[in-house]
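One structure coming up, written as structure tokens, with questions to follow.
For clarity, chains are labelled A, B, C and D in written order, and residue numbers in each chain start from 1.
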Amino acid sequence: MTSTKTYYFTTVLRSVFTERNVEGLGAQPTYDDIGNFDDFWKVMDGPVISALFDQKWYNGENLTNDQYGYVLFENKILGLPRIRQLRVTNHSCTVHEIFQQSIRECYGPYSSSRENRSSYLPENDTITPNAWHYQTSKQLSGRSTSGLISVYGGGGFVQELTPNYNDASAQLKDLNANLWIDRGTRAVFLDFTVYNANINLFCQIKLMVEFPASGGAVPSKSFSTVKLIRYVSSMDYFVLACEVLFTAFTVYYTVEETLEIRHFKLQYFKSIWNVLDVLIIVISYICVAFNIYRQIKVGQILDELLKNQNSFADFEFLTYWQIQFNNIVAFAVFLAWIKIFKYVSFNKTMTQLSTTLSRCAKDVMGFSVMFMIVFLAYAQLGYLLFGTMVDDYKTFSISIFTLFRIILGDFDFNAILTAHRVLGPIFFLTYVFFVFFVLLNMFLAIINDTYSEVKSDITTQKSEFELGDYFQKSYEK
Amino acid sequence: MTSTKTYYFTTVLRSVFTERNVEGLGAQPTYDDIGNFDDFWKVMDGPVISALFDQKWYNGENLTNDQYGYVLFENKILGLPRIRQLRVTNHSCTVHEIFQQSIRECYGPYSSSRENRSSYLPENDTITPNAWHYQTSKQLSGRSTSGLISVYGGGGFVQELTPNYNDASAQLKDLNANLWIDRGTRAVFLDFTVYNANINLFCQIKLMVEFPASGGAVPSKSFSTVKLIRYVSSMDYFVLACEVLFTAFTVYYTVEETLEIRHFKLQYFKSIWNVLDVLIIVISYICVAFNIYRQIKVGQILDELLKNQNSFADFEFLTYWQIQFNNIVAFAVFLAWIKIFKYVSFNKTMTQLSTTLSRCAKDVMGFSVMFMIVFLAYAQLGYLLFGTMVDDYKTFSISIFTLFRIILGDFDFNAILTAHRVLGPIFFLTYVFFVFFVLLNMFLAIINDTYSEVKSDITTQKSEFELGDYFQKSYEK
Amino acid sequence: MTSTKTYYFTTVLRSVFTERNVEGLGAQPTYDDIGNFDDFWKVMDGPVISALFDQKWYNGENLTNDQYGYVLFENKILGLPRIRQLRVTNHSCTVHEIFQQSIRECYGPYSSSRENRSSYLPENDTITPNAWHYQTSKQLSGRSTSGLISVYGGGGFVQELTPNYNDASAQLKDLNANLWIDRGTRAVFLDFTVYNANINLFCQIKLMVEFPASGGAVPSKSFSTVKLIRYVSSMDYFVLACEVLFTAFTVYYTVEETLEIRHFKLQYFKSIWNVLDVLIIVISYICVAFNIYRQIKVGQILDELLKNQNSFADFEFLTYWQIQFNNIVAFAVFLAWIKIFKYVSFNKTMTQLSTTLSRCAKDVMGFSVMFMIVFLAYAQLGYLLFGTMVDDYKTFSISIFTLFRIILGDFDFNAILTAHRVLGPIFFLTYVFFVFFVLLNMFLAIINDTYSEVKSDITTQKSEFELGDYFQKSYEK
Amino acid sequence: MTSTKTYYFTTVLRSVFTERNVEGLGAQPTYDDIGNFDDFWKVMDGPVISALFDQKWYNGENLTNDQYGYVLFENKILGLPRIRQLRVTNHSCTVHEIFQQSIRECYGPYSSSRENRSSYLPENDTITPNAWHYQTSKQLSGRSTSGLISVYGGGGFVQELTPNYNDASAQLKDLNANLWIDRGTRAVFLDFTVYNANINLFCQIKLMVEFPASGGAVPSKSFSTVKLIRYVSSMDYFVLACEVLFTAFTVYYTVEETLEIRHFKLQYFKSIWNVLDVLIIVISYICVAFNIYRQIKVGQILDELLKNQNSFADFEFLTYWQIQFNNIVAFAVFLAWIKIFKYVSFNKTMTQLSTTLSRCAKDVMGFSVMFMIVFLAYAQLGYLLFGTMVDDYKTFSISIFTLFRIILGDFDFNAILTAHRVLGPIFFLTYVFFVFFVLLNMFLAIINDTYSEVKSDITTQKSEFELGDYFQKSYEK
């Protein structure tokens, strides 16, 4: 599934949309630098639509009609790119009475209940007449998206971009001039999908800029590369043959394992290897089923698209499930690797090692509980102490990862020193002392001790033999 | 207390004030790059007041009066921003006789005794007439602030900025033209507080630029986000209910523990768990008391502010204590996590582990003393050898942290190699050899050995039993 | 072979060709930033040919004829720099039927079978008439080169650059204007070799820009510094004397070892030290042979070059083998260091340590197999899960290195967190738990236990002696 | 000696001279970016002399005569800054016969024997008439300086800069126009010393740009901050009092230790603590002696300087020794920390730990030898394989440090992967396997085992007592 060309496909697209600076004097933002309304419009009406609707060759020659509509000359944009906005209503939060005099408007953080669904059409807008009417999630057949700050609904105010540089730029300028985005805006999405026929890959792209209730803007992005059309080249048909073979094998093993289960009953599930086999078989069926479903569904969507090229083409759903499918396959391959253990475990050294592991498992578990309590206590503490200021502690789960990374030696001490000159170092030093020095060494002690035990057990068994032999020999004298 | 919105609030504000470049050709400074007088004025009369007094929407439309006075359209500036300057007197240090001929002026490092309190009004300054008169700490109800280089008093030369881009810019230009800042200046503070009604959070902002006696400028900054108004939304009232419940519980446990103390007397304090309980109760009372105090005090300050909008609003004191309060709560939650140990320690594996820890505690302590001596000796050495040149050794305490980070694998070897080509590597290599290889391994040896001991003790106890059983059985035959 | 001057030679050249920005307003690319066709031409017709054909001294004075043709005034360009392009044919891949209507062209990834060998001469090109005709690998005496994305053949479309700034710039502008590079282009190479007479070193330079089938451009570069002319200065002749001496020694030892082999037969190869000796001797012969070959070959190439200065000078082959030669010498020196062990192993402590190592070798090997299975399973999983998005997992082998680096504490957690919010952390945490905590500690346990054993064995032997002595003494009483 | 103000003094000066960009459009170099002749002149006639001879206040007002001649308004430049150049002669290296036709000039790497001492005065230079005549090391009372590439002599071609922006700029422009620097130039130094009366510190500054024989330029810099005038403020006189007291104590202890030595003779030196005492006393005398010498010498130099302000003031010698003095004091303080061990070692746990350390010392040493051989073999290999390309392996000693840092988890894997796609990873993986996994674990095993032994020895001694008691008790029954 993965290969160098997939990686470079994703990378090249990410680079062209998010790493190009706005043209101009001095320090100009890229997509990743967006920090306020201004930057947003500069980047949208600059590098982003330049990348989408490039008009010329590098020598200044205009593109022909056939060449038009490609990103970087190679990646066909499917349907129209779509800008979608989500808004909250004014007075969606309560202003404390003391401020009610001076603060007249209040736009809370996004939540579906606070969503603003009313139109706000400016007079005489002929360029983007539809962008000011709310469309429900159902009308857009959208689904909810999770951003950095919140989870957003599938509806919103939508504008499709005409696939032409000048027209699209005019549309953006019109939206800009009429304040399409304002204090009520909480997120803007730019969605589109490109298809590269050279390497037969789709990339579903979502550029999301969130406008938190605190002001400013927080950009994020997602580039999902998938191979939705599976069988094109001759190599692909070879893969198809393999897949058929794989399905046949799966059926065969299903029968075999079923027989075994019938024979051994519950006893069967006591062996970890059998459980593994069943798991792999189940995953295989899921994969096969999805493969067939995808084949049908992709055909439908592409057919629809070809009939109506002038509308947004929604590949989000399919891409999402294709990625899940890839992940499941990856997991199945992982399990297959683990199965190798079944065949190497007869070796004597192996036995010794695996005995050690299984014997110390209980102690390690007990220890892990103890470790977890201290660990979580520190994660919570770090989150509460530094969460408002330091990126690495901004949520509880990220705080957990951060503390885990400290153990491996990857941390930013200055961030917590800056956050709090006294508590920062105390937090860090005590954490490292307890968790790194004391608890991790306990870990080692457990394994070390168990290994010695196991090894001496094995040696003892041997020496008993030898002792026996010795006595026998003595006797025979 | 902490949540994603708090984090983004702080981040967005920090970004808008300190990460925007001055507009212009070539490489222009941001607030964080300030390195001399020139940069200071460029940044102040550039990105900083642009962020404070934005006048227009992104489409060029002017803001209405209602929309005016917000940072990033959402964050109301409370009162007027205030610039404060601290100066030292000329001849506040002694010039050696050899130089007295050629060096006529001497402005020492800041200290309260060297502070210059005399006015230095230029002729005919009508724009900023008050900026040239010293006001005492009492007049400003200020308190001392610690910067990177020194701790600064609460008085100084003060200018409040008129809340309007053009006026504020004129004020800054006037101060610039009349050399408000000169060789005697040791620190300039820009203080203000913003309130975001959308998410009901205050951020008290302090931009501090220190001008050390060595020339140049050293910027620093502090953004303290707190929730001073607690009870606004319905969710807040639910929290209030919980707080009342919490207070009730605290009272209940106070009674219970008091009874226990009466019964067990000093014996009571011998259990670590009881001490923990008492600690948690005490912290709870502190929190409750502060909560009430804050509620009253915030009301007072805001009332005053509303009466007189055209003056500086000082939230520093309140913010400081609110952050202390948050930290104490965080600590209380940490203790609650630790209390879990009380309930899991009955487990057998746990006993084994905790026995190990308590048994090796003495050795670990003894070892820690030894470790500390070597460690501190190296920290002192590093400070004296590299302190003038390398950031990581610039003070003794930072030198301690740096050596600690080396153990975890986070260091900048090239910095000390550049500082001293010979002593740098020798320092580093011997430190790592003694502390990392030898001493840390000792640490491990202690724990490892104790664990083996504990485990064999437990096994012995069992085998004695078994031995006993065996004898008994033999006897019964 | 290596010395500071070699390092700075390479560094200075790398810097001048790849780290200079295109001149112009705003953010301009360097060679390393090339991301599309446009950047490519800007960089080529900018910093690259400026570096190659500098015309003036820093004070604006023109260079004399003698001074012309040097990079940075010191490094003579040998022959003409050559630009070479590789193309694939249109319709070199299959477009799925559903898209055949809308996507008319298809340029697959590079492979020798897809290579486009047809001329595409534009009308009336008088400046670069030869750049549009394919030349085979044989005609160019080229060889295949491996880039980041693919391995490229030795033929292609070739343009030699006239050694003059204005002419070369005109040539590039002409290629640009006629779309020399287009959708079919898969890679462009700029090859040339410079010679620095001051320090008698050659640097063979290859700037390679790949244009993947996904669009965009991926630059890479190689700077190979070698000393091809060995005997110039008097110091070099001293080295020659040493080399002759070395050859004599090699012959002497060959005889000696041959005699030994004859005497001990297969027994001889049982000692690791003997095998090492034979290995070193074989390597020595290879080096001597190559040295002679190089001497002759360099002479030939340079002679040819001097006869015809106006053609490309191909040093690639020679440079390649010279580097292999250097590597082999480096390996020989490494083996010589290892031989020291032969002479220190008599020491008692050494025996103890080496016994430990050899005794635990079997267990360590068994363990390594176990470790490898888990390790490779994770590497595969990481590759499949994150390969499309994260640089560190883009190929299976890089995924292996990345996991290895995690063990040492060098990783980018945020990259995999961004790639997948859920699977990223799970992958990371379980990997670290199993591999870092459990398996590595097993490793330690094995060595630790073996060492104890070995040491107690040795002590037991001693104490038996002492016990014997004791009895003897008792008896004598 | 060290304090925050010293650190900021150094930092502020380093920043103003080496981190300011040349003004202009697009990407402009700072001092640290200098890469060729052009950059050198741009930076010298730009940020460097701007920093040296600032003419105006930030409001555009001209500086008065008194304010003139300071860096950043506070740091008095002592004497005149001096530019010094070192050159090699043409034909200072041999061109191979094959190139003698085409390469007519040859300027070898710098060495004192190749130095070019001939004048090269251009016609009619009235602005910088002296810059073209060689002056010997003796005439300049210079001493040799070691740069990144070579060690440079103390003579050269010298130009002192007139202390005025316009004049100095004219001088630099004249040198530029007449090609003062050309292919023969190997290094240019800008030397000057500033004195800050506010904090009574000197900073001796040396900006060195080397022009290697490979072309290009390599900048480096040194900022040495010292306190040469010791006794100015009242605090300084208190320090003087302490120093006198310290000297008295030193004399006292000298007498005491002398008596002890007389009494115990050679026995005295067997205790490590006595050796330490003697060492500290010797160091103390060195410090006292230097202190007096410095006091006299500084006075002389400053007197001379004041008499003739219009010449270069050479503080290099004094600064050098003052830094040595500081380092020696730092070392003495380090020893004082170590002496604490004498007083804590009576503790029982301590004994156990120190016994462990001393008992395993022999094994650790033996092991270290083994470790060193492998380590050095790898360092040599890394140097030979990657030295031409990777900064971290450019010399043998840096290669040693790099391998050491790998053990601590600080490395740049991609650098060696780029340098050699195959040998890079093999080198890295085998190194980590042998050194990190195998050898370091051996280290741990040694310490671990010794600790167990020591502890059981101590326990055995106790149990023997107990056994004795037991028998006694049995007997008494």
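Here is the rule we use: a residue touches a chain if its C-beta (ideal position, glycine included) is under 8 Å from a C-beta of that chain, and two chains touch if they have at least 3 such contacts.
Computed from a predicted model, the values in this text were never measured in an experiment.
Note: Cα superposition of chain B onto chain D, rotation of 90 degrees, nearest 5. Although chain A and chain B carry the same sequence, what matters here is overlap: shared residue numbers make up under half of all numbers found at their interface. For the pair chain A and chain B, the distance between mean C-alpha positions equals 34 Å.
Between the CA-based centres of chain A and chain D the separation comes to 47 Å, rounded to the whole angstrom.
Within chain A, residues 25-26, 409-410, 444, 448, 452 each touch two or more of the remaining chains.
Partner chain D is touched in their complex by these residues of chain C: 1-13, 15-16, 19, 21, 23-26, 28, 57-59, 61, 66, 70-76, 195-201, 223, 225, 229, 232-233, 299, 302-303, 306, 309, 326-327, 329-331, 333-334, 337-338, 340-341, 344, 347-350, 352-354, 356-357, 364, 397, 401, 404-405, 408-410, 440, 443-444, 447-448, 450-452, 455.
Residue ranges on chain D touching chain C, taken from their complex, read 25-27, 35-38, 41, 93-96, 98-99, 101-109, 148-149, 176-179, 181, 183, 212-216, 218, 362-363, 365-367, 369-370, 373-374, 376-378, 380-381, 383-385, 387-389, 391, 394-395, 406, 409-411, 413, 417, 420, 423, 425, 428-429, 432, 436-438, 441-442, 444-446, 448-449, 452.
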